[in-house]
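Pasting the structures here.
What follows is a pair of complexes built around subunit A, which joins subunit B in one and subunit C in the other.
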Partner chain A sequence: MDKTWIKKITKSKSFSAFTSALLAIFLGLIIGFIVMLFARPERAVAALQKILFYGFTDLGNVFYFATPIMMTGLSVGFAFKMGLFNIGASGQYTLGMLFALYAGFTFDLPLGIHWIVCVLFGMLGGMLWGIFPGLFKAYFNVNEVITSIMFNYIGTYLVDMLVKGSAKMYVPTTTRTAYLPQSAQLPALGIKNSSANIAIFIAIALAIILFIILNKTTFGYELRATGFNKHASQYAGMNGKKNIVITMMISGALAGLGGAFAILAPSTIAGSSQTYEPINVIAANGFNGIAVALLGNSSPIGIIFSSIFISHIQRGGTQTSILGFKPEIIDVVVAIIIYFSAFSLVIKMAAGRLITKMRHSKGKEEVDQALSEETYMPDKPGDNTDDIEEKEV
Partner chain B sequence: MDIVYYLVQNTLPVAVALLLVALGGMFSERSGVINIALEGIMLCGAFAGCLFVYFIEKNSLPAQLIFVLGMLVAAVAGLIFSLLLSWAAIHMKADQTIVGTALNMLVPATVLLFSKMFFMSDGVTTNTRFYIREVKGLGDIPVIGKLFFQNTYLSLYIGVVILIIATIVFYKTRFGLRLRACGEHPQAADSVGVNVYTMRYAGVSISGVLGGLGGFFYAVGVMDGNVNGHTGVAGFGFLALAVLIFGQWKPIQILFASLFFAFLRTLAYSTTLIPFLKALNLNQDYYKMLPYVATMVVLAFTSKRSRAPKAEGIPYDKGTR
Partner chain C sequence: MDNYIIEMLNITKVFPGIVANDNITLKLRKGEIHALLGENGAGKSTLMSVLFGLYQAEEGEIHKNGKKVEINNPNDANDLGIGMVHQHFKLVDVFTVLENIILGVEPNKMGFIQKKEARKKIMDLSEQYGLKVNPDALIENISVGMQQRVEILKMLYRENEILIFDEPTAVLTPQEIDELIEIMRGFAAEGKSILFITHKLNEIMAVADRCTVLRKGKYVGTVDIKDTTKEELSRMMVGREVNFKVDKSEAKIKEKVLSVKNLSVASEHHKNLAVNNISFDVNAGEIVCIAGIDGNGQTELVSALTGLSKMESGQIILCDTDITKANIRKRSKAGISHVPEDRHKHGLVLDYSLEDNMVLQRYWEPKFQKKGFIKKREVRKYANQLIEKYDVRSGQGPTTIARSMSGGNQQKAILGREIDKEHKLLVAVQPTRGLDVGAIEYIHSQLVASRDSGKAVLLVSLELDEVMNVSDRILVIYEGEIVGELDPKKIDVQELGLYMSGAKRDKSKGE
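Take a look at the complex of A and B:
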């Protein structure tokens, strides 16, 4: 009887999403390991160990680097819920960074307020860049994937141009942005040798708020309904166009916050700050957000964990350079993880079959035991509804 | 007049790269598979081709022969790489957009990893110049000779041949008809005995070959033989997608669309040579954004009546027949 909760968990959708995420991670790491075996056979095992375990010794930085990708992950995941693929998180992230930088350099506000204003500006910047794919999708029938890719390029070039054109922000001799004033930087958590800061808590709080919005509000319901079936939701009187634009705005705002958190983070060296180098490269954190969102099954709570995981292997990846590898190995692993995440349907089915098998063998024992005690009871009706739910996938 | 010659001579190599990749996208999408991975395929072909050239150029072979060999290597590399997409999209019924994105991320990461570990750099740069100063005989024709047969690359003529072949295959052969049917109504195609899976594999593979070729042509004709993991192919694969949509998934319209985009890009990079634009004295970066902004403007006006292949992006399941 008390085993029913196991049944409930193993049969739930989030559990199958979890197993398929694990499988994608496993395949990603295996292929990454094979690549390393080809490159430096004698050191591949040591490098894999670094990737898997180094992060535990540097938790402060794991959380620090998890923050921006948690935000871009939430951005991509939120749009996914509505059936939109926001590949433009990179551009929104970069715009958020620009706005945060602008607020940091131009406003002269007291300590404790300045950084909040900068963060809000970052959000505004991302939101601004998120509106475009939404408007193009809703009113011009242009696929959001193409729009957001184009706006990644436009945004990156635009930001680099504006940064380079501003004497206040840009230092030509270092080819990077100047140091932000102390008041604009996020309060640090005080972990040694790490820029871990308050943003991780803000990010987690936002994830929880998003979870509530998605699951407990009418807007969240409409959003998910549109994601499931566009035509049905329209028929039910939901304003698809408005929802598309709002979703992309929120999605952009989240990515913009990621950019703000990244650039406003405190530096470990006193008197300095994070800087940005405008070299026309599209922000990688936007794409990492796609991996985070897919691994987290687009659920805000799942994304909290998946972003920490990706950050964890990234920290380990940077350490592999000691062994003659390059941190790019993690980019390869992340790409492979995304690749296999797209198979989720197949993987979920495979995982489901495996679990059913396991349960059947277990269930048989249970029945045998029950019969011998002559207290056999039929399944509760509740289990049947579980079955129906599963088929929706 | 010299400016016109200069612009045309510089537009054509860019246009050929775009044209081939967009034609590849056409074969893939009209067979029913969305190919976002064009960017990755291009970079894969470009890197493989240039790596091959880098190793072979020490032997004193004629430059144009090396070009053709590098081209073949690029095509094969693109083909093999595209199998990752077709397998995932056709057999594993995966989400094609996400798979494409993953592949786009995989290539630059691999290129960087490989180059940093073995070359201590971000990529490869070839030394051979494949530039053709003048085609003997044809270069002397007034106007036309200057436009098409001077200061050019072999890729131009190969591109024209491929365009003609692609158009004929697409519209005048049984294969082309079947391919198009699979993108519109795979169930109907299957019911008359067309193997949808094979057709889709063929479509994606052709896009792999053409994407790889386009990438190599881009690396040689636009980047002077440099391929690196940071800039990659600078969004050309995505521009090719825009060209494809602007060209309404039809070969001849794609040709004009790619000429249009290539011209804009050339204009953006040669502002200092054109008196009128130089007088405006705008920041160079404005022009860098131009092709992407133009894409959005064009798509905003054309997408309303755009006719994408009906079954595009939907994995074919025999059970749904």
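Take a look at the complex of A and C:
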């Protein structure tokens, strides 16, 4: 009986999400390796080593690059919980960046306060851009995917226009934004040759807060209920419209913080700062957030790890260029991992079926035991004839 | 005598986590009507799906006329002369009757369909078996009974000799059921063999020659109908004695609780009103039943009552308060409890635990939350109370995921939740749909108990037995109008059927 706690853990939902993520990563790396074998067979093993292990030698930058995608991942994941697909994290991210830049250049505030104000402004910008898809969805029943894609474009062009039009922010000779004042930059952690800063801790703290909101509060209860079953939440009298708008607001705020964290990060070169180049490209970090959220199973805690992992292999991936690989190879590997993270659910179900079959042929007693435990089986037949009907199709 | 056309020998079919069929043997004689009886989840549908080639059994053999056959898909089954009428019809709504019948076996010359040939064959069959259909009508425009005839004609057109009927009477009126029984007898006389899945004992007694009973995936036995009784069959099916009569005393009618005035609701499916100018009252201490054939406006009526959808016009008054414009939460607070028609769609969040589902209507109450934080301990305590009180059985108690529970226990959980909530009116829509006899018995007794504690109960039901046994007053709904107000003690099922099919209506009601 002393093994019950192990059983409890292995049977829990988060454990199965974790194992399926691991499986996805494993398969993704294998296929990624095969791709690299085709590209440069003699260097593929070395490249795989770089991808897997380089990040450990550059932890500061792993955390630095993990921060923005952790935020956009949380943004996408949080909306997912409500059943909303916020594909507009990029736009919200860009707006957050603009607002943070604006606060950085415009206000003259003391050290220790300025950057906080900038971060809050970034949050505000993302929130603003998140509200619109929420309002459209709630009150006009326009699919949030379409609205938020459009708002990615509107946001990107708008920001670039505003940045280029501002003499304070934009330096035409470098075609980038000017250096932010030191007071606006996030406090660095002091790791050599890296821009690692306090934002990683803020992001992790936010993830934990989101976890608590989702699992301990009535708002989280409503939100997850709506995500699981819209009709039941309506039946229970939950205010779906209000919740959609609030969720998109929070989701946007999170992505906006991602943009703020990215642009406000301290530079490794003294007297400079991060800069933004307005060249009408939609921020990739927004889309990476979708990948992070998927791999993290939309769970805030899962997203902490998935964002750090993706940042880790991305750092390693950039190093493969030394071996003559195109840096895009790592994007391919990441894409394959994401693909398998969706696919692994299918693999897991097939595995479950196989195990049940094996158990059955072993002996009926064990099956009875399995039955009495009533484990979660998504396609268990018999409790409703409709279930069987669906499978016939 | 042992002239078996189909033998299913020692069939075992396993799904993840459950053995749906465990070593089941079923032997079908030529020219007999063989009923397959069992509660929901007993494995009837699975067994028939194995025979029809939708599932492959892990163990066991199927023999036809003594020879072993392999059935890997419905086409194989069709080649062996096995046809099936599914519970939910497999018809193309926007095709005509004729097009649906020939679908998949279209007679053609160089790819051009020969409709003339098909039409002649269909009309011949239609005449021979008394299955009147209009071959040019679109499926979406004909009645459910008519659609079933199309399904039957599909089997005949394919010259099937083994006919499987999966709960064929669930959607029919009493008159249509009688006709179907006649048709089935005709087939048997012609030498066709019929497998008839059901959990309605009356129909088995009326039409079947033999009956095989399954329970929890296991074979219980095969009996000759002429040597058995309804009670015997139900004991085999449930495994214990069952009380068919609902025990209840005279209704003690008290004050008016619900008053619906001139209610009209638009339809989502067609241009006409789904509910057309309906008025009725429900009083405390009585069970009023809305009876009718599926799709006559019951769903829309309940949606408008509970606030799930908007009404076109009319007024709803609950205990002297006008709730016409109130939202769902307000109506719930005002005293409406609602056991919804579709427990998976509305009644439960299937991926939530049982305890989270138990507070679905009440999580916001100060009892269960403080400053927006859910009091987990209170929720757990309350869930345990309900589980105890309403005998909800599940694998891991309050932490069981609702999806993994059986239909009967899911329904008990919903019913418990809704009855336990402070309420004046209980709206229960098909509360026993798809449940086994034991659960039905329990739910009926709870409805009566709720009535006796002074609540008003509005029951919406398609099951005639339920309508007759449980209700104190019957309102018959037909095409969105109430066509009769009946006393269950004074009428019989046949007359009720006439009202339900629109053949009869009270002059005082409607137009």
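Everything below uses one rule, namely that the second predicted complex is superposed on the first by the 345 of 393 C-alpha atoms of A that agree within 3 Å, B and C clash if a C-alpha of one lies under 4 Å from a C-alpha of the other, contacts with A are read in each partner's own complex, and residues count from 1 in each chain.
To be clear about the criterion, a contact is a pair of C-beta atoms (placed from the backbone, for glycine too) under 8 Å apart; a residue touches a chain by one contact, two chains touch by 3 or more.
Note that the coordinates shown come from a computational prediction; the quantities given were computed from them, not determined experimentally.
Enquirer: Under the stated touch criterion, which partner chain does A:I154 make contact with: subunit B (first), subunit C (second), both, or neither?
Expert: In the superposed model, A:I154 contacts subunit B only, not subunit C.
Enquirer: If you stack the two complexes on chain A, which partner ends up touching A:F228: first (subunit B), second (subunit C), both, or neither?
Expert: The answer is second: A:F228 touches subunit C but not subunit B.
Enquirer: Should A:F53 be classified as contacting the first partner (subunit B), the second (subunit C), both, or neither?
Expert: Neither: A:F53 stays clear of subunit B and subunit C.
Enquirer: Have a look at where A:F219 lands relative to subunit B and subunit C in the superposition and call it first, second, both or neither.
Expert: second
Enquirer: Going by the contact rule set out at the top, does A:V332 touch subunit B (first), subunit C (second), both, or neither?
Expert: first
Enquirer: Just to be sure I read the superposition right, which of the two partners does A:F140 touch: subunit B = first, subunit C = second, or both, or neither?
Expert: First partner only.
Enquirer: Is A:N280 touching anything from subunit B or subunit C once the two structures are fitted on A? First, second, both or neither.
Expert: After superposition on chain A, A:N280 lies in contact with subunit B alone.
Enquirer: Go through subunit A and flag every residue that touches subunit B in one model and subunit C in the other.
Expert: Common interface on subunit A, subunit B vs subunit C: nothing in common.
Enquirer: Touching subunit A in the complex: which residues of subunit C?
Expert: Checking each residue of subunit C against subunit A gives 14-20, 40-41, 43, 45-46, 49, 54, 58, 86-88, 167, 306-308, 327-332, 338, 340, 344-352, 356, 360-361, 363-364, 369, 372-374, 376, 394-396, 400-401, 403-407, 410, 434.
Enquirer: Spell out the part of subunit A that touches subunit C in their complex, as residue ranges.
Expert: Residue positions touching the partner: 216-219, 221-222, 224-225, 228-229, 231-239, 349, 352-353, 356-357, 360, 364, 367, 370-386, 388-389, 391-392.
Enquirer: Going by the contact rule set out above, which residues of subunit B touch subunit A in the complex?
Expert: 36, 84, 88, 92-99, 101-103, 105-106, 108-110, 112-113, 116-117, 229-231, 235, 238, 241-242, 245, 283, 285-286, 288-289, 292-293, 295-296, 299-300, 303-304, 306
Enquirer: For subunit A, which residues count as touching subunit B in their complex?
Expert: 35, 39-40, 85, 87, 132, 136, 140-143, 145-147, 149-151, 153-154, 157-158, 160-161, 164-165, 280-281, 287, 290, 294, 324-326, 328-329, 331-332, 334-336, 338-339, 341-346
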